[in-house]
Amino acid sequence: MSSNTIPPLKLVPRMHEQGYQKNQVDARRAWTEEQTGARLAHVGSGTLDTEQWRGNIENPIGVAQTPLGIAGPLQVNGEHADGVFYMPLATTEGALVRSYERGMVCLTRAGGATARVYQDENRISPVFFFENVGTARAFARALPAAFEDIRAAAESTTGHGRLLRLECHPLGRQVIVNFCYYTGDAQGMNMIVKATEAGCRWIMEHTTESSQRPQRYYIFSGMNSEKRASGFLMAGGKGKKVVAGAHIPAALVQAYLHVTPAAMVDIWHHTMLGHVQANAIGYSGHYANGLTAMFIACGQDVANVANACVGITNFEETESGDLYASVTLPSLTVATVGGGTALGTSRECLALLGCSGSGHAPKLAEIMGATLLAGELSMGAAIASGEFVDAHETYGRNRPQ
Amino acid sequence: MSSNTIPPLKLVPRMHEQGYQKNQVDARRAWTEEQTGARLAHVGSGTLDTEQWRGNIENPIGVAQTPLGIAGPLQVNGEHADGVFYMPLATTEGALVRSYERGMVCLTRAGGATARVYQDENRISPVFFFENVGTARAFARALPAAFEDIRAAAESTTGHGRLLRLECHPLGRQVIVNFCYYTGDAQGMNMIVKATEAGCRWIMEHTTESSQRPQRYYIFSGMNSEKRASGFLMAGGKGKKVVAGAHIPAALVQAYLHVTPAAMVDIWHHTMLGHVQANAIGYSGHYANGLTAMFIACGQDVANVANACVGITNFEETESGDLYASVTLPSLTVATVGGGTALGTSRECLALLGCSGSGHAPKLAEIMGATLLAGELSMGAAIASGEFVDAHETYGRNRPQ
Amino acid sequence: MSSNTIPPLKLVPRMHEQGYQKNQVDARRAWTEEQTGARLAHVGSGTLDTEQWRGNIENPIGVAQTPLGIAGPLQVNGEHADGVFYMPLATTEGALVRSYERGMVCLTRAGGATARVYQDENRISPVFFFENVGTARAFARALPAAFEDIRAAAESTTGHGRLLRLECHPLGRQVIVNFCYYTGDAQGMNMIVKATEAGCRWIMEHTTESSQRPQRYYIFSGMNSEKRASGFLMAGGKGKKVVAGAHIPAALVQAYLHVTPAAMVDIWHHTMLGHVQANAIGYSGHYANGLTAMFIACGQDVANVANACVGITNFEETESGDLYASVTLPSLTVATVGGGTALGTSRECLALLGCSGSGHAPKLAEIMGATLLAGELSMGAAIASGEFVDAHETYGRNRPQ
Amino acid sequence: MSSNTIPPLKLVPRMHEQGYQKNQVDARRAWTEEQTGARLAHVGSGTLDTEQWRGNIENPIGVAQTPLGIAGPLQVNGEHADGVFYMPLATTEGALVRSYERGMVCLTRAGGATARVYQDENRISPVFFFENVGTARAFARALPAAFEDIRAAAESTTGHGRLLRLECHPLGRQVIVNFCYYTGDAQGMNMIVKATEAGCRWIMEHTTESSQRPQRYYIFSGMNSEKRASGFLMAGGKGKKVVAGAHIPAALVQAYLHVTPAAMVDIWHHTMLGHVQANAIGYSGHYANGLTAMFIACGQDVANVANACVGITNFEETESGDLYASVTLPSLTVATVGGGTALGTSRECLALLGCSGSGHAPKLAEIMGATLLAGELSMGAAIASGEFVDAHETYGRNRPQ
């Protein structure tokens, strides 16, 4: 078809009440098959309750199925998670589950991974516009005095969110105001966008002095770095800030990872240089692998991997010649309520970790931190020992066919 | 449980030939249920052929099901994709499908999105170590002369990969050598790691002069930025470099996006400032949303979203007062063969786009580029028009319950 | 000379009391001429009082002379600087002074540049090491309670510095603690390093509980970004955070800059894209040019240009079709006391601005902010109008010789 | 003075032929004194030949004098620099010269620093605008065939510059074209801007097919990162790419730096983490200090410190327990002809290094690389040993007065 002729548009059928009944989903899938000539049998064979999807997806036609494996045991010594866990991982990358499993067993033999949550919040960064830099400065000076009123306005929209503080970042004659919230067990973006909208409206209505009055605002400035990598994430504030670490005796490093602690430090040192050469944000072996597999399995917002995979892995040789390994994850956006967490396989996977429902988000964050630590150990060791290629030959898709 | 008592480890059962038969998968799932007390009914009800999973996952226990919606119609005017498409999107983020759909309809009414692939390659970045900076310099000087031999060694391991060139990046007494490949329709990491390993071995064996001999190497230096965001990705070389753009008349911008072209440029301008303030890599409204939903649906390596979401969106007002919008995606790592592309729902979703199997990766890249463009239009407009919160009220999870 | 033979070292003569008397400086210069065969007549003809150099330089042999030009008039409407200024600029880059002058005249005709200081501080970022991530977490939890004691210890070493707050950034089993100070009119690094050392010692002595005791610390972690560019500087805290802006009527833009406001916005838009493509930190036309010329003239620590040149320029077209231009400088490290500010030409240049001595650093910061704004206007216009090459033909070194 | 009253502007006197005669400079200085009330005696006592300043500065009123110290001996084992050198350093930061001197003596005792130049070029990055992404793609495809013609056009403007290659970076419907040049012993920006302007005009005149014709261009896109820090600089192309390194026996590390090689690696490791946490570009202890002091002394364009200070320092412990230290400087923009290199003290300082005039830029680059290596050793050791504060107490401005 030429680009010059505009086709008559065949819109996706909207259906009654947006079409979430099973037969409506089936009809829409059939319509899609008809338009495209494709057969969507597997897509149509999901077991999730389609009526439950309202608020999670539009124009549903079925499900995507991703293979799910299990890795463990992983001993986690956290303030919220304390015990042995088996992590569900949804992936199609061969060797990934085996790699995480290896790190988990090594960690567990060493007594487990210690995990801690430092900060637990999420943020929206609206930007306010002023006539000139003087007005903007006056606004920023006056804002702290209005905090309690703005908080009241923002929190009036939510039962769970708590506005913790406001941070001003001037940029010429505009001021970006970070609204920082505690969001409980939810990832919370919808919640806090709504709250922030209310806060912004309060500001617009009540800042009446012309010397400091904003002319307008946008609810997003881009600064909050939702679903993207940025240096700003290093300081935290977009999800849970989690640190996980473990002391691993040299003998266990050798037994499970087939290298010495010194070799682990050496691979850290030299791949760090590669990260700096590439101007990467943060440093990790492959956070994105583990995060993606956990997020798909556990019904998280998978696009948050873009921010959650920003962090820093560290390997150190201790004075006694052992290995101390850690991961620092400033932006782990995880939830146990809301979003996709209640749907079929997601709810089951969260239940498998003892993390389904209210009160479990910090626990989930600690377990995920420990899991990523396991993955870093295994990946670092595979490169250091030269076994990486062989492992992917064995478990990946390089087999002769 | 105290961190001082090491539990007796309950390893995940390995089973005969790694356990990919359906009954073995069921048994492993039952074992998992027993260990954790969770019921995994939905996990166990997948329709994929488990025997096919070898090379994609280990320790399988079932599937994760993600709701799948359909968005379109999307007219793409590419060199590989030319026609109208409906894009499958797997997500649990309410409003996402509706948002992309809106952008697609707008683009299609405007005659469609033009898409182009600039570069099509993938790379591995091993690092070689030398006695001193003089030896390293001599090695880098001599390497170009050995290119044909290294290429022969690398390509001997693969039927599809082609070594295009080598690039040297010195770093003190080490030299990172980027091996740049054409990988056909595969994402190709396994393929080119194996090829690069062969190339590195050739170098180690044949660089015998002591004045330029490497002492050792690591197959990865971290510089290639696989599954992470980095500035280096901007120059391309990690997947397809795709540009998609469209000229949209002001009347259509108003009709579908509810804003003027000038308002779109204004939101671009001010959210760009927020990105710069946050020290983000690249600029986009929400590439990660669309990428993740497409990658899960189409059996891509979802962790590659970490690199694929690096790119730059641009909105400009034309001299005639219309909108020109574009996305530039330097690192779109997509495949139509290998990885998870052949599995059940993935194969069906690729088929739905006419992209299943060999010869279709550039087509898929163009369609995905156009899809992301649709998403950028819709997101930018939602913020500019102030409709963002309302849209998420309507389609997201903020409904009173 | 071969690298294998180690020469007998000819050390630079140390002399009595480090040798700051004029005749000692002359003798050292003569010794240098003898070693190298160079004639150092200009170097030896400085008029500064060499005895005054103790604390500023070691092994002195004379002076470097840099040509000094004057640019103005520049009307500044600040909270500290209010009036017309002429800025001394030391440079050898042809066209630089003329370019800044053009922007200044344009700004002044438009009523001047408004300038504001948002934040005024400097910081040191020591890192503390712990046995494990649990101990580190406990330390970070307990630290706020010790703030007053740490402040007392830190401030005991300085008459001017004030410890404003402590910020903890965990990184595995280490914690970086940012010590944030007000440093008065000094750049203050020496002052606050000494104060922070005292604060760190207090922490080491008084954190006696084994559950949160640091094992050791380094006074620098690199995080404070002294004399280097980083994303972290965007949030401020390394010097004065200054914003300067101006509303410039379209007629003046045309008259002085030879372009329209729309053309200025267009050049901003497209060179911003180039910055993002290059993964630059911040955005500016040429902050480093103005900063370097001002810093050399005014006896600032010129190496601080590396951090001070991080910032963001913005050009906007107003509703009335005029130009609003601004610069945002989060890390302007300037001083009017200490360092090289009291020496000969530096003191004279500061006096020329009414900024010599105590009480004038914020004023100097505002004037410098306005100067950089002038430079951004002129540079942006030169590129937009296509006059850049001609200007450098006229004033630069491309003349036929 | 209120911001509402526009003062009558007192412009700086222009004078006959721009006023470079000594009496004109004196008159302009007297005028400045009159306007500001400041006495500019030291400013007026420079010994440089003011007539020579044409092309280096406008509105001259005298000179800035910066104290100049000497550090050495420094043994350099380069391909261009081979011997012992004493480096002139212009600074007012106490302890800087002593610090570099310490590192130099240590290096020299160890047999010297090996230095190598990898790449020697500079670049301009114009951006071309097209009707749509299709036209832009066609342009980029066709450009390589026109290289020889473009080169001829560009090189017709310069006796020294050589156009090495063109690199296309698409960005929506625009294409940034990097013009990469060899510039001989000059920094070369003026030279290559002029050449690139000629190349761009050739492109505009000769690209007549509407399917690939640019509508317009800007001579700068910002991508070349002149005088700013960016990730793009890591790949080189903006000045000389220089690596310097040295093997230093443990005994010499201890004797001169008062630490062990392991302690040097430890401080590297932990300050690297601080750099990554701050999202810095590259890693160094204090490149900007040495670069600034050398650039002021040697008449370089000091604003280039902004790009030149991007690089990577590395410390490694060798198998024999010694230290291997290196610096990698991808963007060392140095010159021995043009700019300020011929003026009085600059020419003398270059002569002191045997680097004045044609043919010496690579030599200067190697010496500067070795100097920065010395500074990194000394700074790293000062932090690792805990002597940093004491050194600044002794040599800096913290003395009781």
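Just so it is clear, A, B, C and D label the chains in written order, and each chain counts residues from 1 on its own.
Here is the rule we use: a contact is a pair of C-beta atoms (placed from the backbone, for glycine too) under 8 Å apart; a residue touches a chain by one contact, two chains touch by 3 or more.
What you see is a predicted model; the values in this text were computed from it and never measured.
Undergrad: Any idea whether B-C or C-D has more C-beta pairs in contact?
TA: Higher contact count goes to C-D.
Undergrad: What's the chain with its C-alpha centre farthest out from subunit B?
TA: With centres defined by C-alpha atoms, farthest from subunit B sits C.
Undergrad: In angstrom, rounded to a whole number, how far apart do the mean CA points of subunit B and subunit C lie?
TA: Going by mean C-alpha positions, subunit B sits 40 Å from subunit C.
Undergrad: Measure off the straight-line distance from the CA centroid of subunit A to the CA centroid of subunit C, and report it in whole Å.
TA: Using C-alpha averages as centres, the distance is 37 Å.
Undergrad: Would you mind pulling out the distance in Å between where the CA atoms of subunit C average out and where those of subunit D do?
TA: Measuring from centre to centre gives 16 Å for this pair.
Undergrad: Pull out every residue in subunit B that's touching 2 or more other chains.
TA: Expected reply: 77, 114, 169, 171, 230-232, 234, 272-273, 275, 277-279, 281-283, 312, 314, 316.
Undergrad: Could you list, by residue number, the parts of subunit B that touch subunit C in their complex?
TA: Listed in rising order, the residues are 231, 234, 265, 269, 272-273, 275-279, 281-283, 312, 314, 316.
Undergrad: Touching subunit B in the complex: which residues of subunit D?
TA: 77, 114-116, 118, 132-134, 136-137, 140, 169-173, 230-232, 234-235, 241, 243-245, 247, 279, 312, 314, 316, 324, 326-328
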